[in-house]
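By letter and in written order, the chains are A, B, C and D; residue numbering begins at 1 in each of them.
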Amino acid sequence: MAEGHDLCGHLTAAGHELRQRVYFEDTDFSGLVYHARYLHFFERGRSDYLRLLGVHHNELAADGLAFAVKTMALDFKRPARIDDILTIVTEPGEIGGARIRLRQAIARGETILVTAAVEVALVNAGGKPQRLPLAVRAALEAQSQPRGDGRSVSI
Amino acid sequence: MAEGHDLCGHLTAAGHELRQRVYFEDTDFSGLVYHARYLHFFERGRSDYLRLLGVHHNELAADGLAFAVKTMALDFKRPARIDDILTIVTEPGEIGGARIRLRQAIARGETILVTAAVEVALVNAGGKPQRLPLAVRAALEAQSQPRGDGRSVSI
Amino acid sequence: MAEGHDLCGHLTAAGHELRQRVYFEDTDFSGLVYHARYLHFFERGRSDYLRLLGVHHNELAADGLAFAVKTMALDFKRPARIDDILTIVTEPGEIGGARIRLRQAIARGETILVTAAVEVALVNAGGKPQRLPLAVRAALEAQSQPRGDGRSVSI
Amino acid sequence: MAEGHDLCGHLTAAGHELRQRVYFEDTDFSGLVYHARYLHFFERGRSDYLRLLGVHHNELAADGLAFAVKTMALDFKRPARIDDILTIVTEPGEIGGARIRLRQAIARGETILVTAAVEVALVNAGGKPQRLPLAVRAALEAQSQPRGDGRSVSI
């Protein structure tokens, strides 16, 4: 379904891009986007990236599994504002047995607003790290050696 | 720009429709969407409806104006879940001098999940109600007498 | 533990009161509290009211049960602002077999800012309504006939 | 006012401590606290710390000033859950002309759940960094050389 697919953004040579709007809910009384909201945008990007690689939260949950963020280094360079259209760029880095490193950026047009170095782990209901499904690992590794023709996040 | 336009949903004969994804951020530990999050989805629908009618929050803000929700009657019929694609339907009702009544619904496919009767007002920085710009009023009134060929919200 | 207890607010003759601060996260770019955030404050009030009546979300969840909001009628009378200290007042109304009606208000000092008529239901994991535990029902009913010496919500 | 004061947490030899409850709104469908919500808890801690040092967001805003988070390094060690009572610990680090470094931790009892190294800046409406008011700078510097009798965040 075209419209549904479009909601997921699209895979690029280097990873994934998703466009999202800034709404009232994302701003605070300073007139700018509330800093914690950028983490929502980053999470939407990661979720849709994994979705397009065939990983679905509800299927993982049926097996008692979920991705959890373990560490995050954030650089808030410039603010986003109400009505902005943001592009969330996600690129895989090192893929360990149970952890995935990702580089992410939020841009408005060509201007990078926020960058994040993120480490996520697949965990079971008890919080224990689990090995990544082989298919996911293979899909991510294929993209972690980009062929140089995609937009790249430099952080 | 096609992709940006698509982010706004589209006008229908009776009002406006917007598709949105349910992400992690929208759920709570019950496994379902947190009830207050539906108000975010409704607000996204209203914002994009007004946007397509030519009303932009940042332009209003430059004049010290903003839309404020005055009353809301919500009926939470069925829950939404992670990964769901939701359609937010917005239809204008009675248009007063300073207030707009809207009927809204959130659906998953053909199933209505939540409905809302909403009253919004245009207010200045001091919270005083302001008259609607004539162009907005005319655009809303044109749609508040739908020609019967649009999807309609019954609440 | 005194400090922990204080976090829960306190029971009154007519129901429950909880004080909460407005933080950055609660505001939007209009400079006021984002309308959906009042639902968070109301939910904190209901949760702490039930907590002081001996009902704990994590214990309910262990039995596959959770409270779900079914309907809500909201009246946003006046806005709250950053740094405000709000009092959330919760009073039980009609107690049905599976549903509880509550009247709630958010006040700043003596000024009522937002009122809500809320209907909540106890549901199981499949969303089916469940009968209220007798002890909860009895505790709520004892308070739904207040002795007239408590602050009362008129909505 | 005692109750209002208690809402702000309290100053310690090394900085500030604030107790907060985990509510429904803070959790996601994994059953744990949503990762971005910890940033809300951290921000509440910083706001109340500055409040007790005499800095108020609404007064800054009247001068067109606001604190903005510039960088953040987060370590999500263990998850928080619904109904948990969390302690948010905030300690000043290096105080620059326009930037403040802070170390923060969220603990449940004696267990550290999340740590953050945060850099905030005072900015004007145009986003330009502003020098810290001298009184704030002095108050923070007095606490950035703790006398060793306070709870300390090791991150």
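Here, contacts are C-beta pairs under 8 Å (C-beta built on N, C-alpha and C of every residue); 3 or more make two chains touch, one makes a residue touch a chain.
Keep in mind the model is a prediction, meaning the values are calculated, not measured.
Asks: At the place where copies chain B and chain C touch, is the share of residue numbers found on both sides over half (same) or under half (different)?
Replies: same
Asks: Averaging each chain's C-alpha atoms to get its centre, pick out the one most distant from chain C.
Replies: The chain farthest from chain C, judged by C-alpha centres, is A.
Asks: What is the distance, in whole Å, between the centres of chain B and chain C, each centre taken as the mean of its C-alpha atoms?
Replies: About 26 Å separates the centre of chain B from that of chain C.
Asks: In angstrom, rounded to a whole number, how far apart do the mean CA points of chain B and chain D lie?
Replies: Computed value for the inter-centroid distance: 35 Å.
Asks: Scan chain D for residues touching two or more other chains and write them down.
Replies: 24-25, 29-32, 36, 40, 43, 57, 61, 81-82, in rising order.
Asks: State the interface residues of chain C toward chain D in the complex, per the touch definition above.
Replies: 3-4, 6-8, 19-21, 23-25, 31, 40, 43-44, 47-48, 51, 56-58, 61, 81-83, 85
Asks: In the complex, go through chain A and note every residue touching chain C.
Replies: Touching chain C from chain A are residues 24-25, 27-32, 34, 36, 81-82.
Asks: Across the complex, what residues on chain B touch chain C?
Replies: 29-32, 35-37, 39-40, 43, 57, 61, 66, 68-76, 78-79, 125, 127
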